[in-house]
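Letters A, B, C and D mark the chains as written, and numbering starts fresh at 1 in each.
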Amino acid sequence: MAKGRVSELIRNEKERQDLGFGTKITGQNTRLINKNGQFNFRLVGQDFRSKLNLYKRLIEMPWLKFSLLIFVLFLVVNFLFATIYYSLGTHHLQGIVGTNASEKYWESFFFSAQTLTTVGYGRISPIGFVTSAIAAIESLIGLLAFALATGLLYGKFSRPVAFIRYSETALIAPYLDTTALMFRIVNERDHQLIDMVAIVVFSLLETDKNGAKIRRYYTLDLERSKVAFFASNWTIVHPIIEGSPLWQKTEAEMLEAEAEVIISLNGHDDSFSQSVHSRNSYIAKEIVWNAKFVAMQEPAGQVTDVIMNKLSEYDLL
Amino acid sequence: MAKGRVSELIRNEKERQDLGFGTKITGQNTRLINKNGQFNFRLVGQDFRSKLNLYKRLIEMPWLKFSLLIFVLFLVVNFLFATIYYSLGTHHLQGIVGTNASEKYWESFFFSAQTLTTVGYGRISPIGFVTSAIAAIESLIGLLAFALATGLLYGKFSRPVAFIRYSETALIAPYLDTTALMFRIVNERDHQLIDMVAIVVFSLLETDKNGAKIRRYYTLDLERSKVAFFASNWTIVHPIIEGSPLWQKTEAEMLEAEAEVIISLNGHDDSFSQSVHSRNSYIAKEIVWNAKFVAMQEPAGQVTDVIMNKLSEYDLL
Amino acid sequence: MAKGRVSELIRNEKERQDLGFGTKITGQNTRLINKNGQFNFRLVGQDFRSKLNLYKRLIEMPWLKFSLLIFVLFLVVNFLFATIYYSLGTHHLQGIVGTNASEKYWESFFFSAQTLTTVGYGRISPIGFVTSAIAAIESLIGLLAFALATGLLYGKFSRPVAFIRYSETALIAPYLDTTALMFRIVNERDHQLIDMVAIVVFSLLETDKNGAKIRRYYTLDLERSKVAFFASNWTIVHPIIEGSPLWQKTEAEMLEAEAEVIISLNGHDDSFSQSVHSRNSYIAKEIVWNAKFVAMQEPAGQVTDVIMNKLSEYDLL
Amino acid sequence: MAKGRVSELIRNEKERQDLGFGTKITGQNTRLINKNGQFNFRLVGQDFRSKLNLYKRLIEMPWLKFSLLIFVLFLVVNFLFATIYYSLGTHHLQGIVGTNASEKYWESFFFSAQTLTTVGYGRISPIGFVTSAIAAIESLIGLLAFALATGLLYGKFSRPVAFIRYSETALIAPYLDTTALMFRIVNERDHQLIDMVAIVVFSLLETDKNGAKIRRYYTLDLERSKVAFFASNWTIVHPIIEGSPLWQKTEAEMLEAEAEVIISLNGHDDSFSQSVHSRNSYIAKEIVWNAKFVAMQEPAGQVTDVIMNKLSEYDLL
């Protein structure tokens, strides 16, 4: 008997759906998943390397910022070495023609740049042990820095990215003879995405037996949760029928319960043989009631056009 | 009752097979999948970066075109910098021996080339702040451009490609005591492809209750949909028995209904530990009736020969 | 009948759980899995290349040690070539200005460094066949060494690592109306880990029919063995109910039987599209009885904080 | 009725096991899978690029041969360019000090090497349009060749390889109260292989209804077909009980029927997050009857030793 009760409690706990966020995230109008797909957590007390997470940060940095960073680093390293060469005495840099301190410093600077990039014209060249040794080290550093840059550039290029754009809002629209929650996605690039699977979870605050607010999660049943080819656009549809956690919910109730529709998409990028993932969420106020998406596909002779800027367009009914 | 009707409508909708193309693609003799495996869609209104899709384009570019592009870029960048150096005054390029404008310009050009490739002989070397600074920037650009090229070349080399060739036509041939739709594939390279899975979908236009033409999709049941090792050739066979969507269809009907046989192959390239994919399709007029493929394998002593140019050969019956 | 007996023996053997370690590992207080996730085996008689396993070793080497190794190799190679150039006679190195043996040797050394890094200032340059040929070979070696370094640096950067930290101890804690074995993990970095699956195996020494000690393995049933998103922390819980191999085991019995809890985690690093794995184990003396983990998550306005240094903190009950 | 017969024929055909080799490979004592894991096929009529398959060939080439190839290419390219520079006239190479044709040619050669590696000392430097242009092109070629080499070296390093060694022979040994076919594998390196799955297929020639010899395939039922961790050694066992295709087969029968045991192993290399595959086969004369493998594992204090050179050792019974 006691055992029976144990089993039931445990069974309930096992059956409770949990996305990995726990039940305690209850409010202040936060969202679980940010619009960029990141989870809304902050790690406190990471060690320095984890906090820095240099590779990920560099890989995900926009190209312009990355280029600027490299340029700034190039300047900084050259100023550093220029100062060393200048301090060691410019008579150790054979071929310098500058006649005052400033000219000599800049010639040291450009000698450093020629060493770091291994261009080494040789008009200026190191002479004497210390300056030659520093120059040898600088050229080694240059080579390794450049090796790092090569790896990073390749990493940036080949990073798996799912080029999926989501409609700005989800809609509650008529569907067959009921209504449905729907949103729309489009494949932004001509990458061949195959075997796309969508998982949609509905999360909201509920009151438990003790009157405490806890967050619950329900996986939504979809009209179609997988497409073989995701070549253009796809409207993902959850029919609101009896048994759905949205059944007979009103807009006000969903706002009150801080409802959030969480989407996780998995597919395979055939062009680069990588699995790609994409996450998004719609909070209650991003759900429009009684509206219908406008068509995105238009036949155009031998081909079918997909009009991308109609992705978020809908007609209120 | 209303609920029952809802469920049935929704159930029908759920059961409808859809490859991700939708039901509205209805004609003008288009094909769904082009011969190169690309989907027959055109994205309208992509942003510039998506449209350009630089990495994919460079990776998929033929080697000759890629080499030519690099050479042209090399010339363009050198002309650009040559013009800058020349404008700044060739007295800032120590060592120039040219005596007229044209010779001086070309020496600036070759100085630029020596800087960009970091070969830096040093017969000509920059002197003065501005020219030295430009040269430093050019050598940095050279290094980064070369880092990019390294990444691209590796990307081109290691790109997952399924070296699968399809027979030019599919056949409707006698098979045991019925007929079957069949086509043949061959592994073009000595890559070890394992766990190859074939999915074949038959698509055609049908008329719905309202008399509108809609496109429907049926997955075809195969004699064998998976082989453990795809080392040589494989004839993929769909027996046409009762229940098959091709049962009692005539050639004329299939042409009329714009039938298309869509093939999706998945496997694992054991040599490079990549999953590889391949798609193809046969439209109605690429299906030959009453024909039989000729044999491709021939024993040759200790080894078995696979005669590749017999791939598409068939005998009319 | 005989056949029946065969089948039963074979069936028993088939049903025996085995992690791949065999049943003979019986003691001296060893552990099966070391704290770094490596298996506690030593391979005897590997061939040299397998023993060296150069790529893996270099990839897994800490950055500081790797940098030091490159620097030492750089010195060694330069000393080697310097000695060759010096032996061939410094009159083959045009431009040398040193006046004694030591100065000439160091100029040979720096000439070597300038050749290896391809900086090639040219103040010193090779003259004569042999020295020129050696220099040509050295510059080729420099380029290839640098190509290797580029590959290694990229390999080090992009190596799949699951940034998962485990609580230092597992706990036996009250759970609903029974007790449970539990331990806690945290995602150390802001990588998006998805579809994390935990497998937990309990291993202990038992006495077989003949009185011999053999090691047995039992997979533990978990409250939740998978989370869709592993964004922050996760307490993995095995409820100790009837049927559990821990049911009514005491602390003393587990120490005596050299019990070990083996954990294997699999997930997908969404940021780099790699599957990541992590292993750990708790031996009997790393299990604390009657204790409870303190909370790690704290709401902080719009975001939820995860306090990482509380990972291993527990309260004794 | 006719339909019933169709279905049965088709069902038989569907149930026929086929590894992808077909049924026609019938003899001359060939083997299906070579000892290096390659399939015993020869592709006839490949196009040139498929036949060459440059990337795969270079990636799989032994390191010594690869290094030699690079060195030879380096020489060839330099001889080529040296000949061009020499033909254009050595007065276009400023700084040449050679006094006869041979010396001048070799200085052209070393100038070429200095250009190709971008070391560019500058003692010799190009002067005049054509020679300068050729040198610019050579330095570009040098950079790109080196980019290719970088990619190839990384490809060679990171190539997925399953370091699995097989026992030289399979054994038919006593097992519980019957016999079993068994062979042994060992993990040669300290890579962590996980979730190793073994598939073993028994192939032999049989005589069909018409008296023709055809090759048939039977998947063997294994004592254990998967291990969670493959850290050391694993004996793969097929118990020969009623229903096994080896049941009551004699050694002579297996030799006569050209039996072959084909093994396919799949696992995940946790160290590099790659799936790895390995194939092997034992033909009839590589199966030893009435023998037993000697033990490979030995406890050694806190660790367990795996004695690798005992892999193929067995005792005749």
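Convention: a contact is a pair of C-beta atoms (placed from the backbone, for glycine too) under 8 Å apart; a residue touches a chain by one contact, two chains touch by 3 or more.
Small disclaimer: the values here were computed from a predicted structure and weren't measured.
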Proportion of interface numbers common to chain B and chain D (over half same, under half different): different
Please state whether A-D or A-B has more C-beta contact pairs across its interface. A-B
Whole-angstrom distance, CA centroid of chain A to CA centroid of chain D, is 37
Whole-Å gap between the CA centroids of chain A and chain B: 26
Where does chain C touch two or more other chains at once, residue-wise? 114, 118-122, 150, 154
When you draw the chains as points and link the ones that touch, which shape shows up: line, ring, star, complete, or other? complete
Within their complex, chain B touches chain A through residues 2-3, 5-7, 9-10, 13-14, 18-22, 24-26, 28-30, 37-47, 50, 53, 55-56, 60, 94-95, 114-115, 118-122, 124-127, 129, 132-133, 135-136, 139-140, 142-144, 147-148, 150-152, 154-155, 159-160, 199, 201, 264, 274-277, 279
Could you pull out which chain C residues touch chain B in their complex? 118, 120-122, 150
Can you check the complex and tell me which residues of chain D touch chain C? 70-71, 74, 78, 97, 106-107, 110, 113-114, 117-123, 146, 149-150, 153-154, 157-158, 163, 176-178, 187-192, 194, 196, 223-224, 227-232, 234, 239, 241-242, 268, 270-273, 297, 299-309
